[in-house]
Structure formats: C-alpha cells, structure tokens
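Given below, in the form of structure tokens, are the structures.
What follows is a pair of complexes built around subunit A, which joins subunit B in one and subunit C in the other.
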Partner chain A sequence: MISLILPDPHLPYRREFIKKRDFLYLGALMLLPVIWPDSLFLMVLAGIYAILSLGLSLFLGYAGQISLGHAAFFGIGAYTTAILTTRYGVPPLGAFWASAVAAAAFAYLIGKPILKLKGYFLALATLGFGEIFLVIVRESRSLTGGVSGIFGVPWFSLAGFTFDTYLKQYYLVWGVLIGLVLFAKNLVRSKMGRALLAVAASEDAAASVGINVVRVKVGVFVISAAFAGFAGSLFAGVMSTASPGAFGLGLSVLIVMMVIMGGMGTLYGPIFSAVFLTWLTDVLGGYQEYSLPIFGVILILLLIFFPDGVGTRLNARLIYLISYWGRKRRRERVER
Partner chain B sequence: MSLLAVDKISKSYDGVLALNRVSLAVRQGTIKGLIGPNGAGKTTLCHLISGLERPTSGTISFGEVDITGKEPYEIAALGVGRTFQALQTWGNMTVVENILAGMHTRLPGDFFSCGLWLPWIHKGEKGALPEAKEILESLGLLGRWKWPASQLSFGQQKMLELGRALAMQPKLLLLDEPAAGLTPAEVKKLSEKVCQLREKGITILVVEHHLGMVMEIADEVAVLHNGELIAEGTPEAVKKDPRVIKAYLKGGGVDA
Partner chain C sequence: MDPWGLIPQLLISGITMGAIYALVALGFVTIVKASQIINFAQGEFVMLGGVITFFFIKGAGLSYPLAALMAVIVVVIIGFLLHVLVIYPLRKASTLILIMATLGASIVLSNTSALLFGTLPKTLTSFSGEQPLEIGGVLIVPQSLWVLGATVCLLLSLHFLSHRTLLGKAMEASSTDPLGADLVGISRNLMVFFAFGVSAAMGSIAGVLVTPLFYTSYSAGTLLGLKGFIAAVLGGWGKNSGAILGGFALGIVESLSVAFIPSGYKDGVAFAVLLLILYFRPKGILGSPFIDSRRW
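Showing the complex of A and B:
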C-alpha cells in the first residue's frame, strides 16, 4: 500500500542513480525521429520548453516558491545569444554559456531583494519583473531591435558541425536536456535537494537545523534562471530570431502550468507535461478562436482529476501496480 | 559553567510585555526545566534563544558567543538544536530524509558541487545514511524509515523532530513542549530518551506546561509567570514555593 502514497522516488539512499526506466525513456527519445519524423519540429520546441519547466520545477516544485516571470530569463538567454552572435561574432557555444551566465546574474540581482517575499507577493513581484523586462526590450531599440526583434541568429554549431536540420536540432536540444536532468537529479538527491524541500515545507524548521533559507532560495532561483538561459539560447539558435512576443506573460504562466500539471517535487513530470502542452497548443491551433476555451477546459479537467499533477499520480499508480505484480509473481514462485 | 546565559531579556509586542527582564542560566550537562501556565512567555523565550524572534532588550550568550540578534541558522550552526511546540516535520520528505536534512551543516557541498556529484559529496552522503538509520533506531522509527513523514502518527512525528535536532549533534537542545499531545506511555519513553541524552553530555532546556515530566527529569526548574521569573531552584524547592502554587492555581489547575 505504501508505494501508492510514496512521492516520486527521489530518495537519496537509492543506489542506482540511473534506473531501468531511464533507458526506456532514452530509447524512446532516440527512436522517435525514425517512428514519427513529422513531429520533429514540435519536439524541438517541446524540448526547449522542457528545459524551462525542469528549471522551474526546482524552484516551484521542490523549493515551493512561485515565479510568474520566468519567461524573462528565457528572453534574457535568447537576447544574449542573439546580440552576441549577430553583433559581436561570438561563436554559438560561447554565447550558449554566456546566456546562462547572464540569466543567472539577473536572477541573483533581483533575487536578493524579492525572495524575501512569500506567496502572492512573490508572484506579483516576479510578474512585475517579467513585464519590466518586456518594456525594456521593446523600448531599447538600438540594443534589442525593439518590437520586431533581432533576425538572422546563426544556427547552433559545435566545432564546425552545424545543427541546421530539425533532426540535428532535436538531438541537440534533448541532449542538453539530458545533461541538465542529470544535474537536477544529482541536486535533488543531495543535501541541497533536501534543503529545498525543507524550505518548501517549513522555513522555521529549516532554519532550526542550520539551513540558510535566504541563500537556498536565491541559489535555486539562480539555477532555475540559468536553465531558462540555456533554453533561451537554444530557442534563439533554432528560431534564428529573438523578439519580445515570445517571452510574454502567456509563456510564464504556461511554464508554471507545466510544472503544476507534471507534479510538484518531480523532475520527469514537468518534462512530460511540457511535451504534452506543446503538442496540445499545436493541435488546438487548428481550431483558431476556439483553441483557448478548449485549452482552458482541458486544463481545468486535468486539475480536477489530478490535483497533485498527472506525473505524480500516474507514477505512483504505475509503481504500485508494478510492485504488486512483482510481489504476486514472487509469491506464486515460492508457492510452487 | 553555564552553557546558555539569558541576561535581563525583555520582549514586547506593540506595547504588550511578553517577557520582562528575565534572566536564566543553563549549566553544562544538565537538564533545565522551564515551566509556567499558558501565556507565561515560555515559547517566546524559546523563540528568542533560537533566533526566530529578536529581543527588545537584554542579551543571550551561548558559551562565549553573544547570540543576541543573530539569524536562526547561525545560532543552529553554533550547536543549538530545537523542536517545536506545533509539529514542524517536513511532510514532503521521507522519514530518513528528515534526519538527513538535519545533518545539513555537517555535510559538505553547495549547489554546484551537489549538482555535479563531486567525490566528496558522494562520500558525505554515503557516510550520512548509516548514521541517520542509527538515530532512527534509537528512537524506534527504523521500521518506518522509507515512509513519508506526513504518514507517521503524532507521537512518532514528535520523536522524528527530536531525531532531526539530534542529527545536527547539538550542544544545547531546546525542547518546546515535547510532551504536549503524547500518551502517558509515549511521555515515559520520551523522558527516558531525554535522560539518556544528558548522559551523552547534551545540555537540555525543556519548556513544558505539564509539571509531571519536568519535575521527574530536570536538575533545576525555573518558573515563568506573566513574563516574569518567579522561582528557580531544584524541583522539590520549586514545588513548595507558595508563589508557584498561587500562579498555577490562578492560571488554571496544576497538571502534576
């Protein structure tokens, strides 16, 4: 019965860091272009959003803090890459790292003052940050190209190899995602992961065992902004543009939605729901003006039936079923 | 030698005086009981010592260090562990993770080295687990080590909180109403555990509303009433103090 209520197994005592199901996911990822080549562009976009929601999952799902301005860090990453590659001729790989550093630096600067806020106030402050970012981008035309943005960002390339087709970009984006998943997995099974969960559950108790609550919050904010910076850099490289329309409040809310739907305190859940929501947005795009109401109804239904997020519930249920079958088979074997 | 010295400390909330020039000393290696009727300011004093609130005036020193106005995590890092009156276990983690999180300051690493799982992180985590299990075993919780902490019973969660404080290897342990809501059998187990801790050399300050347990285990007892210290001494002497009897009768019944 316990496996039904256990949260996603992010337990530190697990010896196998990589489990069988990870190979299953990896295999599915590798084979997807062969099985369903038409989905590639969507999967590139989904991978980018998955990086975003993975970063926010650490901040929102683990540390329990809300951010409604995460699209701004995505934007900072995209603009850093766009400006560095088109104006200064920086190679894409350098711009890729610089984007994460830039997003992290901004997060550090604004995180120090605003992370003293909690709940709704933090939501409002981050919302404000997102809007201020948009205004600055639109108005500083000489730097960011104003409303129309920056065009002609070169494809991402690595040591002479250019990622110029959807297939190559697909492997690039999901490869980066795998690297970041490994980082995040290590983080959540270590003492810092426990500190994040402790801060989410009770800040007083966290402080009482010597966890520096402010530093943990700022740290995880910076890390999740760096993830968003990586995602933004890939976005600029894949779309070859950076314009303010892509980094608005709509995206911020969508990422939060991905994390909540995927399940708080999980890493795979937000990735799955990023893929699902990207696909849903695309499918509903065909219904034009009806797409938003349909989208809303689907989200409401999901939240009614899976209030803890789809990922958690499904995972728990699957784990339960698998362990039940396992026990049953073992019992039968013993009886025989 | 006193490990904790509270010197003429006062705390007021918008003019309401919760504590009025209270002085208190806890000697190294002893159990000190702090009792008093509801609203006497016991929990406030506990919060002031652990840094969750700041005193209006007065000083608190821990060993040689002045800890007045320090942040809670700094005070904890010096070796002051505490439990809470209202349960503050982390229900989003498993039982063993609660204990491991208690070891936070003793394990190496920051965000970056943890994310990259550098060798010393691996070593620290590997060594921490058997130790956490040992603590759970001594509290009788080992059988539930994989459970989510929120699924434990109230009494077990109280024990878990104690275990979490012990995981940081504190020099001083503040127990804020540890017996509240426990069954008599659980209270007895807790008393035994606390006495064991004193033998291990941990100094303990027990804040309690119930007299029974404190009178049994404490070496010294101090009595707070309406924010003032009205008596201090051995349990026997305090029990007979007419002011203590009066305060408890007026405050609503002796619970001994």
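Showing the complex of A and C:
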C-alpha cells in the first residue's frame, strides 16, 4: 500500500513540549521578519498551508489513508468564519473555534461511510466530497455568495488587538502552528498515535490486537479536518475573502504533495515542504501561463526521484553523517 | 413547466451523454485490467481529442475526417508518452504516488493545451447537419445518433480486437493472469503500454464525438474523466460490460436530475451517486472481479 517510513517503533508515551532542536527552529522563525522582511506575506500563506499539511500528515503520513478532499475542510473553515463574522457579528476568536468545530463535524458525518474504503476508492470518494462541496458553495448564493464569494471578512483580532499587518499576521499564524505542532507531537506519542501507525501497517493486524480501527480512522480524520478548519479560519481572516476558487482540487493536490515531499510519518517535514512549495508556486506564478505546466512537470519529477519525500532522504543522510562523526570523535577520545 | 413532460427529451440527451461516459469508463477499465493503475489523466485524452481536432481544422486547414484521424493519432502518441515517461518509471511505486503522478500529468496536459491552443472553449460543427429529427414529439439532434452509432462500432471493434487478434488476446491474457502470461512470453510492460494507447484512442474518439454537442475547453477534461471513472465504479469495477452499463446509467440519472433539482447542482449528482454506490454496493451493479463484496 503506502510506503511508510516509521518514525520510531518504540515511541514511549512521554509528554513532549520543547526540545533543544526546537529552539533552533523557533529562533529562526522569530528572526525571519528581521532578516528577510519581503518574505512576510509568503510566510503567512506558508504558515496557513503548513497547518493544513500538518493535519493531513496525521491522516496521510501516520494513518496511511488518502484524502484528496482536504481543501473542502479548509473551505468549510474559511466560509464558517466569513459567514459568522460578516453576517452575525461573531468575534473572530469565536469564529476561529467554530470553524474547527464545523470542519470536524462534517468530517465526522462523512468519515464513517467513506473511511470503509481504501486506496484508489478512498481517494476518489474524498475527491467527490470536495467537488460536491464546491458545487454547493457555488449554487447556494444566499449563504455563500456564489462564485464571487464573501468579501470584507474582518481582520483577526484578539481582546482588542487587531492583526492588521503582515508582521502581526505572521506571528499569529506561526503561533497557532506552534500550538498545533505541540498537540500533534503529543498525539503521535499517545496510545492513539501508536494505533495510527498500526492501522497504517495493517488494518487486520491492528484489529487483531484490539484496536478499534474504525474509531481510530474516523478520529484522526476528524482531527485533521479540525486542523484544516483552523487553517481556513486564518485564511479568511488574513485574505479577508472566501471564494470557491481557492478551495479546489488544485489545493488538495498541493497539500497532499506537501505531505509526500515532507516525508510520510513526520511532523516537521510537511511544514518545511509547505514553505518550499508555497515559495515554488509563488516563483512559478511569475511565469504567468507557463506556471501550471511547469508545476506539473516538477511534481512528476519529484515523485519519480523522491517518492519517499525530500525531507526524509536528507534527514537520513544527515543523521548518518552526524552519528558517524560522533562515533569517530568518541573513538579518537578513547584511543587518546 | 411540468417536469414529467420533459422526461423523454432528457432521456435522449442522457443516453447520448451516457455513451460518452461509457467510452471514458472503458478507457479506465482497459488500463486497470492491464496494470491495476487508475489513470486520473484519462479525461484529458477526451479534451485533447476535441481540442486537437479543432486545431487541425482551423489551424492546419485539414478536412474534418482527416483532422479527426490525425487528432486520434496524436492523442494515442501522447498516451504512449504518458506511459513511458510517467507510469513506467513509477511502476513499483505505491498507490498514493501513482495517483499524484497521474494527477500531475493531468495538470500538465490540460494547461499545456491551454498554452498551445488557447483557453477559449471550442466547438466543432456536427457531422451531418443541425436540423433535429422529430420522433413522437421528441427532438433528436443528428449528432446524438452519430455518437450512439460510433459508440456501438467502437465497442464492436474493441470486442473484435480483444478476441480475434493476437495482440488483443495477449492483452486479455496478461490482464486475466499476469504471471501465466509472463510464463508464455507476453511482456507485461508492453501490454500496459498498448493498453495506454487503446485507452487514449477511446478517450480521444469520445472527445471528437462530444465536441459538436458541448463546448470543450482546456479544463473540461478533469470533470469528464472523473465522471467516466464514476461510471466504471457504478457498473462494476474492472468489467467492460460494467463500464458500458454504468456509463449509460450515469448519463441518464444525471440528465433526469435536471428535471427535479436546479441545473447548477447537476455536476454534484454524479458524485452523490458515487458516494451512494461506494457505501451501499462498492462492487457496482454487475459485480466486480477486483472487489470483494465486504471490504477491499
């Protein structure tokens, strides 16, 4: 089925907060606006996509299930925020949580029937869900504004503090992402996380050791949809619009690609590749009509040459080099 | 207007569309039987069939039949290239990677077509006049008859190909029992290669047939391909008869739905049918050799 690189088969259950390595990433994130201020808008978008691909990584990378409909959950999040804030005057923070709840609720409703399926058929069923979402959004004009969508969604604000510049939005989005990374890190180290890996390896074997396969699959689907809901809410708050063009099959393909390129069964990988692919689409956007064919070709080449993801290959080589270097130093010390 | 009065008219357009879906579905089934791969770029063959015929008529000034023939040949070559450049290097990859690679190929094909032939929707003239025939109060466009006739001819020739020629028999053998076919010296990869060609030919002929009825633009392929796939699942995954039955069933259901729900939701109907069939009877109407009834 899915080639899966297991992170560590003997993951102990231990609360994880922040490690030394994470301070490096955190520092880089904090300093980025100072070093390279031009990248801020791109990084806001990359952060939103990173939340999406982090959620999908739990579903696709850990549980080994395919979803080509995640853009729909992203869209549900964005539309929930847009409708609640513009029509009903709900404060953005309330809409933020409501978006995740709405996306999770939809995931729960369609998850039970759909997750019976596997492989190609699961991919097609989720893709079908995404298309139905788009059709409904385009047609129910009174609620969603049809093809043109909803404009004038207010900036995200928290206790009177409005996130109205790219710099503030950058810290907002990446702050949310850090919170979700902590959640995800603890999740994959929990009983649920180990159950996910077992389900990905073999559903029959997982069921035979007492894992409730259906519950685990639906559970992780709901969680990853909630992540997409959060991302959608931030997207609506940052772009201040929600229109159906942003939530099509193209986005679903892009985020699946982020997870594959980041490496299946990793949490940091999808984040890095989200930044990389967002940057790539932005660079290619400069070539106007040539951008999509080039993007498709790059996508196919990446799949042919790095089917396990760029991140994991680099990681494996780096870890090997570092451990080799460590062993060599220790040997030298002993000899001396 | 009374929705029931529309039904005979809608039935006719449903059957016409169903013939196209059946051809697309057969394209999927041909590849799946040979290689267990689902080619998400199948719909692009249909789009390219229509768009390239248009280009040969308007751009190169060829006559209609010659342009259609050339278009089919070009699309078959594209199908071969797709196999050689994308599918063959990935033949040992996982399902997910193959899905993404064929989706990537679909992006490349549709957007390259937009680049080369423009993004405007294209249409061709009907094969024989626009004057609709009236039979029992129901109007039938001549092109509908052409579509149905051509579909029947194509199905017969496909049957002839797979049962009467050496190549067809080899393809059939390779899909029934890959190992056995290997043992008698039939190259599996070569058979998959030819399956891509046959599938591209069927897709492009469907494209040539459908373009006079509907506008074909560079982005039309994805949806057509998906509906063809839904038709194949609906009829019974992996069976030629299932693909044909599913195609007509889907075309008729979709067309009849227009009488009862707003026409904007028409594209959603096929996917609703898909979710229902996957939930209640995943092996499809006729049953499927690939799918166990309980789970797969």
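Keep in mind that, in the parts below, the second predicted complex is superposed on the first by the 320 of 336 C-alpha atoms of A that agree within 3 Å, B and C clash if a C-alpha of one lies under 4 Å from a C-alpha of the other, contacts with A are read in each partner's own complex, and residues count from 1 in each chain.
By definition in this document, contacts are C-beta pairs under 8 Å (C-beta built on N, C-alpha and C of every residue); 3 or more make two chains touch, one makes a residue touch a chain.
As the structure is a prediction and not an experimental result, all values here were calculated from the model.
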| item | value |
| --- | --- |
| First, second, both or neither for A:K191, with subunit B first and subunit C second | first |
| First, second, both or neither for A:L32, with subunit B first and subunit C second | neither |
| Touched partner set for A:I66, first subunit B, second subunit C, both or neither | second |
| Partner chain(s) touched by A:V213 [first = subunit B, second = subunit C, both, neither] | first |
| Partner chain(s) touched by A:E139 [first = subunit B, second = subunit C, both, neither] | second |
| First, second, both or neither for A:K116, with subunit B first and subunit C second | second |
| Subunit B versus subunit C as contact partner of A:G265, first or second or both or neither | first |
| Partner chain in contact with A:L40 - subunit B first, subunit C second, else both or neither | neither |
| On subunit A, the residue positions that both subunit B and subunit C contact, one per complex | 2 |
| Subunit C to subunit A touching residues, read off their complex | 38, 85-86, 89-90, 93-97, 99-101, 103-108, 111-112, 114-115, 222, 226, 229-230, 233, 262, 264-265, 267-268, 271-272, 274-275, 278-279, 282, 295-296 |
| Complex contacts: residues of subunit B adjacent to subunit A | 50-52, 71-73, 76-77, 81-82, 84, 88-94, 96-97, 100-105, 107, 109-111, 114-117, 121, 124-125, 129, 146-148, 151, 164-165, 167-168 |
| Subunit A residues within the subunit C interface of the complex | 1-3, 60, 66, 68, 110, 113-114, 116-121, 123-125, 127-129, 131-132, 135-136, 138-139, 249-250, 253, 256-257, 260, 289-290, 292-293, 295-297, 299-300, 303-304, 307 |
| Touch list for subunit A against partner subunit B, complex | 2, 5-7, 11-13, 183-184, 186-187, 189-195, 197-198, 200-202, 204-213, 219-220, 223, 265 |
